[in-house]
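I've put the structures underneath this note.
Look at the two complexes coming up: chain A is in both, with chain B in one and chain C in the other.
After this line comes the complex of A and B, so read on.
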């Protein structure tokens, strides 16, 4: 017998001893109704949240109009020997990055996208994509210019940009 | 019976979800406003200092506590006072680790509001000054 079975068996025996059978059934009925209606909401939300971590994927990651590129500004790694998630061989992913949110038309949700640059080889040159939709964080004006997004990597040479889904946007 | 047995599980998950709802907002605020520079685990890179395993050191002095709010990344962020306080608390809980040496009193909107009106200009100097004072106090103990 598992834990809940045990607890419930004990509980219903105690109840049965203390109350009439009809009273017990009434109590159980109330619990069933309550149990069925109240927690449905969070469970439905749990199911939603689980699916939300993994976006429904549609579209071509080598095309500038791919949904994740809504706030990108650079060469698409997918055209440079890498992918929307990975750097091409011989380059290194920058830990310091742009963050934005993009709307995924395939599942109707907004996701947090991290545009990590790949560094260490000269500019890839293929699939230049500049879309400045979507919000970007407000950066300190005095830091913007000297914040090279290839900082934190061994080479500061910019090669291309990825677009990695890092979370679900929290809607107000 | 199956339904009945599920009840405690469901109630438990409801409580767990209510908690994760709040943290969902905080994580999102951190991701959108801070993570680009501070990286997902607070390790930082280049000129962005590591908060991972270090940020708690600042909480050993009042000047250091204020520094965490007045540093431009915090002070000039687009977050409301309330949400900035929540993000700072999350940073401390999530990243401070062993660097937090005494019980932490969470930041509140009321504490953060006046401090962030005075963002630091000479951040590096001020940071050094704060850390030296804390190290000095430690040495005297």
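After this line comes the complex of A and C, so read on.
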């Protein structure tokens, strides 16, 4: 790691922890909206792909380093009364999300992660995490976290972001 | 330690001195009393904002319904002098200034119970002299573009008579507003394409997921004459570009994730895409310099454009900001200056006029830092406006 690596890492961590930003929304986008679109994704449903033994994953879901958060940019719901795949009490999960593909080091597979936002209460404020891997600008809504994805919910107010496994990613 | 008699003696001397002082004051005539001041005076601003003024958009990421824009005079040295006024922008809206109309336009969203309740989306019209919401246009519900601030989510066109408002619901469209009549002309679908870039006098282009522009030509009544898709000029998976161009004359310069820039002629009815050229001199490419940040581009009246750059770019670093601002002569396709920032930068803006100044958001503590854009000299830090997350900056026009 050279000097610039250290600087960038430091600045990025400071940015993520203290500053302000998060690319607001998550989702599949205009062409991949809602649960009905899930079968269109390049994924194999996890339930059908498992062999013998129990699925494994490791890490701290309240840490920005957690494997599922590779493409996230927002407040981690795990720090807000929810978990990596559930919303805090009294909020509403957006049905429209954006996705990322993250590598699970515990089983060596890549998974498609759906970053559904939880909506209806003001910004959680805890555990701001910005990693942005695979993120694209807003012209690619299925891959952008810069939008407020509290769409299709009764409230437009963003609270926090989940990271839900929706399937094993196919190899190219 | 003093005994009781000594203490009393000292107290007597002090009382005597105080009495003498009062006698002296009584001998000196008092100045006239302060005049009675009028109540109810509210300050106003000039119709045309000076070149040293900036608009600092705090999107209030931690309390989004309370976004705010500071009107800031960076030529001054104290907060008391720098802050000229503020206006609110609720729920991560976007703003656009029209100097010819002396108005600033802002998309906002409100809910009847604050964080919940019925939603209403409006275009709020602030007048520059009073920073008052002199009018509003109710927008079609639930679809105005809402995300990290964009310079190209609102576009003035038709000699500032119309405003194009970008929508994303997630269906993409544009709402065309007549600023004279303060009413909506109509909605225009831009399927698969977002935001509003200039296209001639009376049109706009949008950027598409398949790497094309969709250029929309409008008639005198605001109806659609034609929509034309250009050839694909980038791959949004493998060779993405930033949606945040700099503008010099009739050209828009779109940086790419890989460190190139794509010139686009926006003077005609259809966007004309030129040949890309590299932002990074060949000898420095091994250092992995690439654009990054939120407000990553700017331009000055000297014909130059600015890009926020960071070294050792990796997947995911494109939103993180940069250590330097690089300045380009687009005619010669060369870098003419690089400014090493004192702190990391997240967004930038450049003032107008012959002596441009560069304002940069420092994401570490959210202060603003001002540089001389010609010499590169650091001028000052502006730390204490009460800002929370000033994610987008604009030089006053």
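The criterion applied here is as follows: the second predicted complex is superposed on the first by the 104 of 172 C-alpha atoms of A that agree within 3 Å, B and C clash if a C-alpha of one lies under 4 Å from a C-alpha of the other, contacts with A are read in each partner's own complex, and residues count from 1 in each chain.
Everything that follows uses one rule, which is that contacts are C-beta pairs under 8 Å (C-beta built on N, C-alpha and C of every residue); 3 or more make two chains touch, one makes a residue touch a chain.
Since the model is a prediction, treat every value here as computed from it, not as a measurement.
In the superposition on chain A, A:97 contacts chain B only, with no contact to chain C. Between chain B and chain C, it is C that contacts the larger number of residues in chain A. Contact with both chain B and chain C is seen for A:151 once the two complexes are overlaid on the shared chain. By the document's definition of touching, of the two partners only chain B reaches A:167; chain C does not. With both structures placed on the common chain, the touch criterion links A:120 to chain C but leaves chain B unconnected. Within the superposed three-chain model, A:131 lies in touch with chain C and out of touch with chain B [touch as defined at top].
Once both structures are placed on chain A, chain A residues 4-5, 7-8, 31, 96, 135, 137-138, 140, 142-143, 147-148, 151 are touched by chain B and, in the other complex, by chain C. Across the complex, chain A is touched by residues 1, 3-11, 13-14, 17-18, 24-25, 27-29, 31-37, 39-40, 43-48, 72-73, 76-78 of chain B. Remark: chain A residues 4-5, 7-8, 28, 31-32, 34-36, 38-39, 41-43, 45-46, 49, 94-99, 101, 112, 114, 135, 137-138, 140, 142-143, 147-148, 151-153, 166-170 touch chain B in the complex. Contacts from chain A toward chain C in the complex involve residues 2, 4-5, 7-8, 11-12, 14-15, 18-25, 27, 29-31, 33, 70-71, 73, 96, 120-123, 125, 130-144, 146-148, 151, 154-158. The touching residues of chain C, when paired with chain A in their complex, are 59, 61-65, 91-92, 109, 111, 115-117, 119, 142, 145-148, 150, 168-172, 191-195, 207-209, 236-237, 240-244, 287-288, 294, 310-312, 315-321, 323, 344, 346, 363-366, 388-389, 391.
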